[in-house]
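Chain IDs A, B, C and D follow the sequence of writing; residue 1 opens each chain.
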Amino acid sequence: MQLGMIGLGRMGANIVRRIVKDGHTAVGYARRESQLAEFTEELGDKFTGATDYKSFVEQLEAPRIVWVMIPAGATGAVIDEVAELLDPGDIIIDGGNSRYHEDIKRSKALAPKGIHYMDIGTSGGVWGLERGYCLMIGGEVEQVAHIEPLLRSIAPGVEAAPRTPGRTGEPSRAEQGYLHCGPAGAGHFVKMVHNGIEYGAMAAYAEGMNILHKANIGAQAGDAHSAEETPLDNPEYYQYDIDVPEVTELWRRGSVVASWLLDLTAQQLLLDPELSSFGGRVSDSGEGRWTISAAIDEGVPAPVLSAALFARFSSRGESLYADKVLSAMRKGFGGHNELPAK
Amino acid sequence: MQLGMIGLGRMGANIVRRIVKDGHTAVGYARRESQLAEFTEELGDKFTGATDYKSFVEQLEAPRIVWVMIPAGATGAVIDEVAELLDPGDIIIDGGNSRYHEDIKRSKALAPKGIHYMDIGTSGGVWGLERGYCLMIGGEVEQVAHIEPLLRSIAPGVEAAPRTPGRTGEPSRAEQGYLHCGPAGAGHFVKMVHNGIEYGAMAAYAEGMNILHKANIGAQAGDAHSAEETPLDNPEYYQYDIDVPEVTELWRRGSVVASWLLDLTAQQLLLDPELSSFGGRVSDSGEGRWTISAAIDEGVPAPVLSAALFARFSSRGESLYADKVLSAMRKGFGGHNELPAK
Amino acid sequence: MQLGMIGLGRMGANIVRRIVKDGHTAVGYARRESQLAEFTEELGDKFTGATDYKSFVEQLEAPRIVWVMIPAGATGAVIDEVAELLDPGDIIIDGGNSRYHEDIKRSKALAPKGIHYMDIGTSGGVWGLERGYCLMIGGEVEQVAHIEPLLRSIAPGVEAAPRTPGRTGEPSRAEQGYLHCGPAGAGHFVKMVHNGIEYGAMAAYAEGMNILHKANIGAQAGDAHSAEETPLDNPEYYQYDIDVPEVTELWRRGSVVASWLLDLTAQQLLLDPELSSFGGRVSDSGEGRWTISAAIDEGVPAPVLSAALFARFSSRGESLYADKVLSAMRKGFGGHNELPAK
Amino acid sequence: MQLGMIGLGRMGANIVRRIVKDGHTAVGYARRESQLAEFTEELGDKFTGATDYKSFVEQLEAPRIVWVMIPAGATGAVIDEVAELLDPGDIIIDGGNSRYHEDIKRSKALAPKGIHYMDIGTSGGVWGLERGYCLMIGGEVEQVAHIEPLLRSIAPGVEAAPRTPGRTGEPSRAEQGYLHCGPAGAGHFVKMVHNGIEYGAMAAYAEGMNILHKANIGAQAGDAHSAEETPLDNPEYYQYDIDVPEVTELWRRGSVVASWLLDLTAQQLLLDPELSSFGGRVSDSGEGRWTISAAIDEGVPAPVLSAALFARFSSRGESLYADKVLSAMRKGFGGHNELPAK
């Protein structure tokens, strides 16, 4: 089967590599000729490139399959431009991190032209080439079936994890690593929630590791009887020097919290045991925010996922004004002056 | 009635002033003669002082009433020392911020000697002299009744707030601003929860004010299409320059969030509209922590009170290691590098 | 001055009463003649009514001031309909609980017609007639100045609270209980955050009171050594029967958490000490949700305000599926069966 | 090597099975003869049993290794009783879920007798026989080394997970699935935090899955314009019928949230797709609570872990009083009556 890929950044490029390795062919769009040249050299005659959309579209056989894999903020404009060149029956896929609201709008806008729209939330990060990409798909039943050979090549495949006990026979799509989640937007919706969960799980590890990291606070505590500070009641309980990197390695085997995130954490801590290459300003990139908005719209509690999101905001200094207000209030009712940093 | 006060810091001194003003007499203990001299000059023959416990106790008429008003960390040792000098039937009161666990232990330890122990959680801060102190009392029924004339002088009195509709006749103790909450520890237990609530309410204002303060973010937002940052979807919705100090003043009248904390906030913001005298390191002093511990012991959810406490920890940099872990994870799965501070 | 009021529900009616009492006149729109008749009888010739918009508009002197005070969901359609009948220079005010996004859209839509749009977030609830309404205003500088006589009559006035120390001279608008917060939408923005704070502060009290309410759990605890339950380590610390209604009354005087919300809580607990008339299903009505959305858009942490919102969702059973997932996981890794309700 | 095991419940029995399978021998204590008989039949001459401690101790060769694997509430008394029968140089291990405070006390109490105390936090649940147990160990360096042959048999071994890139040569203890974390209590401390993280991660999945589960709320939403309810602004965004069981299966391969907890969740959802065998009352068993207490003592923020814990409390109805307070407040300021359950 043939795939057209717009955007040959890390993820787009690796998706192309996975399908070509499986015997499919690809047409790639990139702005710079040099980028395409590298690809042609690497992939041989299974790959052709284009630096303009017209040529890109012409190299694709109808019904065309166009996968757009670029930053979410730029996706809409590209889809609009490319759609002008497509024919009825063609398929356009947003594989990036768009908000699912956009998918609903775009699919409606493209329907009158007979162009099929799909959104494919794609998880896998820098590891996708090797591990395969987990694909969460929104769109029409027939189109998902149509592109299934490609999906199978991109996804991890059933052998990527032990089969769930009780699952037998032909593996389901989900077992192979791709799933048609519903109509337009459903793929990005599920991917959004996936990332929301990711934020929460990451924060769970991070908070726990912080507690381990401070477990020797009793050895350092002063003897302050100031009304501004809480003395540690039981310093004898906090005398441990826990080797956090080794603990993360330990938990990878046999524990309840074993996970791929933990594998990666252990890797990073092996490279940088003190995490001295990090300053602690944690980015967030949309899905975590949208997950909370969806929870609020649905009236569903999300205290853990939201706490994880807000901790990221706070890591970037965004609590500062609120904290000053608190200190001002304390001065107001109790005459308390802020203590200096230690 | 006569009161012995150990500790003539702000709160101890003002309690003495309130009772003397109401016709009672006081004996004060302080380490420095000079501190006592000031008091004697101010209060005349209603006040006598001592710089040693023996003399302090001798100046008190039996059954003695000894109120200890010093930092929580030092209270236990002082009570032990003074109790050695007291007689059966005497009363010793911890008016500071001890954990209520201590009260239970102390009351048991003093009972065999016939000494009555009371804990009086005292709220009012620097305003107590003028407003009166809200008194939350743990101890025995008879002893609370015995010292009631003093309590009435220290507490705000019924006229400090409009009577609750439906309350008629002789005002209850609670209406006068003091309440016997239960046996030993009950006073500090109620005071502890009071402060836990205080933390939560303060954080509610602070978070809301932060949202107001950032309401013009749409006027500043860049046009980043980076995968590391969430672009603001609707900058047109965040173009407000809200005058936060005036808003706090506004809400003092007629709004649902009118409160004494808000009164103080408006005062502080009038003095320092940009809060530039604060660095945003918010102290916490025990009760907020113990409130969460009590909630956990009881199996009672306290998501708001705990979030307020943790925000204070975070304001002091205590999230840093967790934040670094998050950035390390992001690097691990997505190759993300931390963005520099703006 | 003359005010036109659309919607004579509790708040609309009481606003009319306040301005008429202050010497202004009003024209009221209501669907039912009977409702208007009551008003005419009560207010005499200061009030005239209309059951159709045309007549309503005709009774107003230009430039007309039309205040719409109806549920948020219906406001947009009414404004559209009435605006058709207005002339350039007229003012239309949304005093209800619209999302501020709507204000921005409406003000833009009405500008070409020369109609001035204002949004006035109005706090005060059922108490506004007596206490006055706290008014948070978005709109144009000139129009706010124009209607100021009405605002002064509706707002509580400076005497509703002690002046903040340091404020002297002619009271500012905020001190009188109304404030021009910014252009269209700013009023509802500030009101939205006000309600977000309200949710957080309410939850702070509610959580604290729950901790007080369960303070006798040690007297009831069994002696379970089951792996499914956490035994209470120190039952001796939880032996208190706290009189929560009296505690709320107590805190009204002299404590740091004194507030209008606490006044109301004490009132309700006097009427119904066991809260037996409530089932614990807590509604939320928009502003709390929008506050969190604004925080997320701004990248500002709101852990307390969001925890308060989510607790309301949870009170309505919306955690159920998540809770079942947790129990299923526990069964999965530990073979744990759910314990029955006690 | 020989191990004495007190408590032949699921975990104790499976630990015995793992060591015997690896060539070690065991002496088991159980109250009932019948339980021992089954074991003797299953394990042959590698196992002998005792129904009294004296006989149990006599069957062990000095220096004895006694592993106590019983519910935390009963462990202390058993250790006290058995220790009376042990000799200097013997080792006693608490493999259960004691709070680490107990370990510190016990190790101090046993030291004068020359008995070595170890705490081994043991994770693995019902899967440990097959997967091996992750062992978090507190105690003395020499004793850990002494029992290492047993630890290697009980732990999963390095092959249980792919080696972390960069780790070469002889696998570290952590890689083999056991780790000496520090002196007495360190093992249970790390296990405690492990479970705290487990609670947080579980809640992250559960919240996310709840959001997926409610993704069709727009198809059901009424058209309420009540001030008591927030109408759904954009019902078109919530029209998805997500197959949550298949999504959990999907995420097992290639996604960032792949984990052992997710594996188990997918298993449970395959067995019971609607989770109809669960009522949603989620137990918690100590470690989650103690983790928050440790965080608070250390002054480390734990908003996610605490939110997860409180959601469990709430699932068991423990928010009810707080929720009633909120409804009472709403009635107080706004005259709102609670809406009935739908």
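The definition used in the following text is that a residue touches a chain if its C-beta (ideal position, glycine included) is under 8 Å from a C-beta of that chain, and two chains touch if they have at least 3 such contacts.
Everything numeric here is computed off the predicted structure, so don't read it as measured data.
By the document's definition of touch, common neighbours of subunit A and subunit D comprise B, C. Of all residue numbers that take part in the contact between subunit B and subunit C, over half occur on both sides, making this a same-residue interface.
Chain centres were defined as the mean of their Cα atoms; on that basis the chain farthest from subunit A turns out to be B. Look at where the CA atoms of subunit A average out and do the same for subunit C: the two points lie 38 Å apart.
Centres computed as Cα averages put subunit B at a distance of 28 Å from subunit C. Centroids of subunit A and subunit B (each the mean of its C-alpha atoms) stand 44 Å apart. Shared interface positions of subunit D, i.e. residues touching 2 or more other chains, are given as 125, 203, 205, 207, 209-210, 214, 230, 233, 256, 260-261, 267, 289, 297, 299-303, 307, 310-311, 314, 316, 318-319, 322, 333. Listed in rising order, the residues of subunit D touching subunit B in the complex are 256, 289, 292-293, 296-297, 299-303, 306-307, 309-311, 313-314, 316, 318-319, 322, 333. Chain contact summary for the complex, subunit B toward subunit C: residues 100-101, 104, 123-125, 128, 131-134, 136, 155-158, 160-162, 164-167, 172-179, 181-183, 185-186, 189-190, 193-201, 203-205, 207-208, 210-212, 214-215, 217, 230, 232-234, 236-243, 246-247, 249-263, 266-267, 270-271, 291, 294-295, 297-305, 307-308, 310-311.
The part of subunit C that touches subunit D in the complex is made up of residues 10, 71-74, 97, 99, 125-127, 202-203, 205-207, 209-210, 213-214, 224-231, 233, 260-261, 264-265, 267-269, 272, 275, 278-286, 289, 303, 307, 311-312, 314-336, 338-341.
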